[in-house]
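The following blocks contain the structures, represented as structure tokens.
Next come two complexes, and both contain subunit A; in the first it sits with subunit B, in the second with subunit C.
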Partner chain A sequence: MQLWQNLPFAMILLPLASASLTSILKGKAARRAALTVITLVTLMAAALVIFMQGYGQSYTFMMGHFPAPWGNEIRAGMLEAVTALCFALVMLFSVMGGLRDIEHDILPDRQNLYFVMCELTTAALMAQVFTNDVFTGYVFLEIMTIAACALISARTKGRTLVAATRYMIMNLVGSGLFLLGLTLLYDLTGHLLMSNIQEKIIALSATGKYQQPLTMVIALVTIGLGIKSALFPFHTWVPDAYSSSTPTSSAILSSLISKGYIFLLIKFYYRVFGLREVVNAQVEDVLLVFGAAGAVIGSVLAIRQLDIRRMIAYSSVAQIGYIYMAIGLGTQSGMTAALFQLMAHAICKSLLFIATGGLCAASGEKRGFTSLRGAAYRNPVAGAAFVVGAFSMIGIPFLSGFVVKLAYAEAAVLWGGPRMITVLAVLAISTMLNAIYFGRTVVTLFRLSEEKIAQQQKWHSGPCFAVACAALSLLTFALGLAADPVLAAIRSGLEMFS
Partner chain B sequence: MAKQRNDYENSWFPRLQRWIAQGGTRLSDQMTEELSEASDAHRVLSAEDVARREVEQAVHQLEIQEHEAALYERAHQWGRTKGAKLIRAFYAVLAVLMCVSVIAVLLTTVSNLPSFGGENNPINNEVSQRYIEKGLQETGAVNIVAGMILDYRAFDTLGESHVLFIAACAVMILLRLSDSGDPRQLSRERMEAEANDRLYEPKNDIILQRVAGILVPIIMLFGVYVLFNGHLGPGGGFSGGAVIGAGLILYLNAYGFAATERFFTIKTFRAVSFIALAFYALAKSYSFFCGANHLNSGIGLGTPGDIFSSGLILYLNIAVGMVVACTMYAFYTLFRKGDM
Partner chain C sequence: MGNLFNNYEEACAIILFGIGFTTLLLHRNMIKKIIGFSMMDSAIYLFLAAKGYIAGRKAPIVVSVSVTALMLALTVRLYRRYHTLDIDEITMQARREEA
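Moving on to the complex of A and B:
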């Protein structure tokens, strides 16, 4: 056991332990503590990626003195390391970019609690990524659910309470179904550790016993996590939750928390059920259909919105549909595409939400398109960042969105048949729809007569905002220009996975 | 046989060519023409004509408006009465169908599960066997459950206690009256909360006070017993903490905030939950680190059955108990008056 192998453990325990410390600090100190902790987690994730590349295989880490089926265990591989790095980076820049809005939106004596939520979300995300035990997954999923409610309702203005209530009801239904699935799974296999469950499931399908409950378990876990990550027919909580909360919360919710659930689902498919079992249960087909429907309908709904934040929220629904569509292909290349989209979208969506926060702040905290006319001249940094994000969403070359679409097309063509046609058609339609609504928004942001441009009052959102926007834009470019190492890492990670 | 056409000059391509040769139709040209036409027409009309037309137009407009209003009213009426009923009925039927089908599917699943308590069930495997047979020896806890949740699977329990903590923080974000906002606003909110409190909650109830005077010490003692006895018998942090929290709430109900605020304010809550959680996280981090790296942690298990035995379990139980008691009390006070 080498010392660097303790990194995943430290990445979970550090934010968890510092959360209680942050709760007794005052606003400014709490902010500093949270930023320091998240930065440290990011650095550790980066170090882990580097070490993993040298190590070349996955390893398990005993949480305590007892070996795996008895004690808890976490597991790290290439995929986990890359995902953790992506999540930590997005977390860091989402918090950094929204600092001004947090100060503005949240009452001063509650800001420290807001940062507690950020830290605990980080810890829970890391635990979701690294867990090798289904029940640990559930415990940290619970932390994420409650933290998300608090993140939404921390802003005291607007429809946040309605949004948080709706979010809570839908998400608790999701958690309940997921827990039900876990209970049945434990009853069938007698294990909570992922690798042991998989062994038992393989043995069960060889004998043909308990096949109906097993299918039910796969369905329950999929629906539970699907509801929690806003898969298309369960997306009704999204627009309010993402549009009424403070920008950092929207960014964390849409690009981290829902992605954490999806990552857990992929982990379940690979490490618990085994991909073949899932394909046999035909859950994949359902996911493909709902994902494709979500990708199109989310975009159509986005076109109808007059509020920029609601538009981005509906665009999130569409992008989540995309991820599920690729999972629905049920192949290795499909999963690679889904995971790449998961990371690309996490970065891009937080960039969009943060940039929108800056644009709205420059337009007197209004979100309607009429008030946002020419906002890019008032806040050039936010305008530029928004353009990068929007173009990536549309799929302009050199940006991450383009690589995503390429990977999707590749995965679809490799499969062939009606699935290929579905995926390609959805790609074409949704790209067009994305171009319509993001193009319209970009034009609105820059539409102003020349005399008026000079009159616009400049708005400065501070250095933190600029750094966050620049970093997230750079990451979007980096994923677009140098996608191959990331794709290769995902592929090797998936190989280590099963 | 294909139709032969001899009007090549009028087909679309030559027309396009001609149009391009003319230089196309400029948008600006059309606009000026229309504008000039309109202005010409205006000049020809006399003032009376204009007035008459305006009146006609106004009447027409009014008619259209009335018509639309009637249509709107009818549509609205339908939506309010029949439509709403129809949609509600549709939703009700769908919801019932959905629930019934989910229940049916789940019942089928349950009937296909291994029979309850069967000897050869998958859950009777090496995992539970080791917990039962070696639990005492490996964790030093007579109570196997305590050994399982605080030693074998301590990481999950660490997460669970943070679930409680985060729930308390979330309620504080939602319900706590703001300290540093507008002072007048704050005092108004405070006064409203106090008024509510006086209206709905018991105040100086002599029966309650007498009973609480006898019961609260017993409840507290029992809570502490459950807490300290967690590794030796049924009990532990979660149940003991709940008992202590219930005792605190009873005390508050009987004697009011003036009595409890002497020893329990928001500062106490913060300090206690910080100390308990920080101790839990640090102690367990040390133990996880030692376990994973195969180091000797130096934490002895002691003699099973003694009060100070079973390594960290006793102290972790106390930490969990403090978090649970504080969280319960905090929930109650926050919901009651928005502060502690």
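Moving on to the complex of A and C:
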């Protein structure tokens, strides 16, 4: 046991402890505390990735050295470390990029509570990434849901209250199904630790007994987490929740909270059920169909929107569909593609939401495309950042979105058969649809006659916004240009996973 | 059929879960939705209790209480702003406000 192996524990506990402390601080101090803590978590995640590379295998960490039935375990491997680093980075830049909007949108005496929620979300995300105990997973999942509800309803204007209520209702349904699945699983296996459950499940499937309850458990967990992460037919709460809240909240919701649930689902597939059991239960086929449908229908709905934030929200639905489609392939290469997309989309979507926040602020807080005409000249930083994000979404080479599509095509071709055709067709159609609505938006942002360009009033969103936009754009480029180390890390992480 | 009667506690829990689930999803009144949610969660505890007590089982009740409190707080804010508990009516009003 080396000292650095305590890092995951610290990454969960530090934001959790600081959240309770931040609640008694005043606005400015709370902001500073939250940013410091999230930066520290990011640094710890980076350190963990470096140590993990040297260590070369995963390890479990028993809290307080108590063994299984009493204690609680966390587990870290390469995949967990890389995902945690990605989540922490996106969290940091989402909060930084939206600071001006937070000050503007949220009542001054409540601002410290907003930062408390950011810290709680960070803690919950880290806990879901590292936990080795299904029940701890559930508890932190609920903490994340509650924090997300507060993040949505923090802005007092607009229809945030209705959005938060609808979000809560759908998420409670999801949590209920997930908890019921866990209860049945516990009943079947008698364990709460992931590794113990998997041993029991392997023994069970060898005897051939209890196959129906097991399929039921897999279905319940999948649907529960699917509803919570806005898988296609359950996406109805997305547009309101993402479009009415403050930009930081939208970025956190779409790029982190939904991704946390998906990561937990992949973790369940590998560490709890085992991928073979999931494929035998044919849950994968269902995910493939709904994922593919979501990827196309989400994009079609996005084209019809007149509000830029709603358009990005529907594009999130499409991208989540993408992730589920790759999970639905049920192969190692499919999972690698899904996890890469998970990270690429987390970075890209937060970039888009933060940039849109800047563009709307420069256009008098209006979100309609007619008001946004020429907004890129009013706020050049936001305009440039939006272009990077939009091009990555379309899949222009040298950007992360291109690598995602390449990885998808590769995974599909390796599989062959009707699945290959489905995935390739969806890729082609959705790329075209993406190009239509993101291309149209970029053109709108830059469309202005020569003499009017000079008259545009410049808007500055502050240094924090510029740093966040630059950092997220750089990350998008980095994932596109140097994707191989990340893909290799995901692959080795998946091998450590099972 | 015999199995259903032998495991009547579990069967009962699942029926209660179904009732709670449909109430939460389909009812228009916010308070009834919250009642549905509470029923759904209680049904899961009944299921857990029917399967026997094992350590580490205390946490969910805390979660459920806090979620109920949060939902009730949201309902209070909604009622103050829109003067109704009907979620469809609230959605309509919110849409009209925006337009």
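By our rule, the second predicted complex is superposed on the first by the 495 of 498 C-alpha atoms of A that agree within 3 Å, B and C clash if a C-alpha of one lies under 4 Å from a C-alpha of the other, contacts with A are read in each partner's own complex, and residues count from 1 in each chain.
By our rule, contacts are C-beta pairs under 8 Å (C-beta built on N, C-alpha and C of every residue); 3 or more make two chains touch, one makes a residue touch a chain.
Since we're looking at a predicted model, the values are computed, not measured.
Engineer: Clash or fit: subunit B against subunit C, after overlaying the two structures on subunit A?
Structural biologist: fit
Engineer: Which partner does A:D187 reach: the first (subunit B), the second (subunit C), both, or neither?
Structural biologist: Both: A:D187 reaches subunit B and subunit C.
Engineer: Quick check on the superposed pair: does A:P108 touch subunit B, subunit C, both, or neither? Answer first, second, both or neither.
Structural biologist: first
Engineer: For A:A206, select first, second, both or neither according to whether it touches subunit B, subunit C, the two together, or no partner.
Structural biologist: Touch partners of A:A206: none, neither subunit B nor subunit C.
Engineer: Looking at the overlay, what does A:C149 touch: subunit B (first), subunit C (second), both, or neither?
Structural biologist: In the superposed model, A:C149 contacts both subunit B and subunit C.
Engineer: With the two complexes overlaid on chain A, check the angle at subunit A between subunit B and subunit C, Cα centres, nearest 10°.
Structural biologist: Angle at the centre of subunit A: 20 degrees.
Engineer: Report for A:L13: first if it touches subunit B alone, second if subunit C alone, otherwise both or neither.
Structural biologist: first
Engineer: Please indicate which partner A:A454 is in contact with in the superposed arrangement: first for subunit B, second for subunit C, both, or neither.
Structural biologist: A:A454 sits against neither subunit B nor subunit C.
Engineer: May I ask you to decide whether A:F135 touches subunit B, subunit C, both, or neither, giving the answer as first, second, both or neither?
Structural biologist: In the superposition, A:F135 touches subunit B and subunit C alike.
Engineer: Once both structures are overlaid on their shared chain, how near does any Cα of subunit B get to a Cα of subunit C? Whole angstrom is fine.
Structural biologist: Between subunit B and subunit C, the shortest C-alpha distance works out to 5 Å.
Engineer: For subunit A, what residues appear in both contact lists, the one with subunit B and the one with subunit C?
Structural biologist: Common to the two interfaces on subunit A: residues 69-70, 135, 139, 142, 146, 149, 153, 186-187, 190.
Engineer: Please output the residues of subunit B touching subunit A within their complex, sorted ascending.
Structural biologist: Residues of subunit B touching subunit A: 105-106, 108-109, 112-114, 121-128, 130-131, 138, 151-156, 158-160, 162-163, 165-167, 169-170, 172-174, 176, 178-181, 270-271, 273-274, 277-278, 281-282, 285, 287-294, 297.
Engineer: Going by the contact rule set out above, which residues of subunit A touch subunit B in the complex?
Structural biologist: Per the stated touch rule, the residues are 1, 6, 9, 13, 16-17, 19-21, 23-24, 61-66, 69-72, 107-110, 113-114, 116-117, 120, 123, 127, 133, 135-136, 139-140, 142-143, 146-147, 149-150, 153-154, 184, 186-191, 200, 210, 212-213, 216.
Engineer: Which residues of subunit A touch subunit C in their complex?
Structural biologist: Residues in contact with subunit C: 69-70, 135, 138-139, 142, 145-146, 149, 153, 158-159, 161-162, 164-166, 168-169, 172-173, 176, 179-180, 183, 186-187, 190, 192.
Engineer: Can you tell me which positions in subunit C touch subunit A when the two form their complex?
Structural biologist: 17, 20-21, 24-25, 30, 33, 37, 40-41, 44, 47-48, 51, 54-56, 59-60, 63, 66-67, 70-71, 74-75, 77-78, 81, 87, 90-91, 94-95, 97-98
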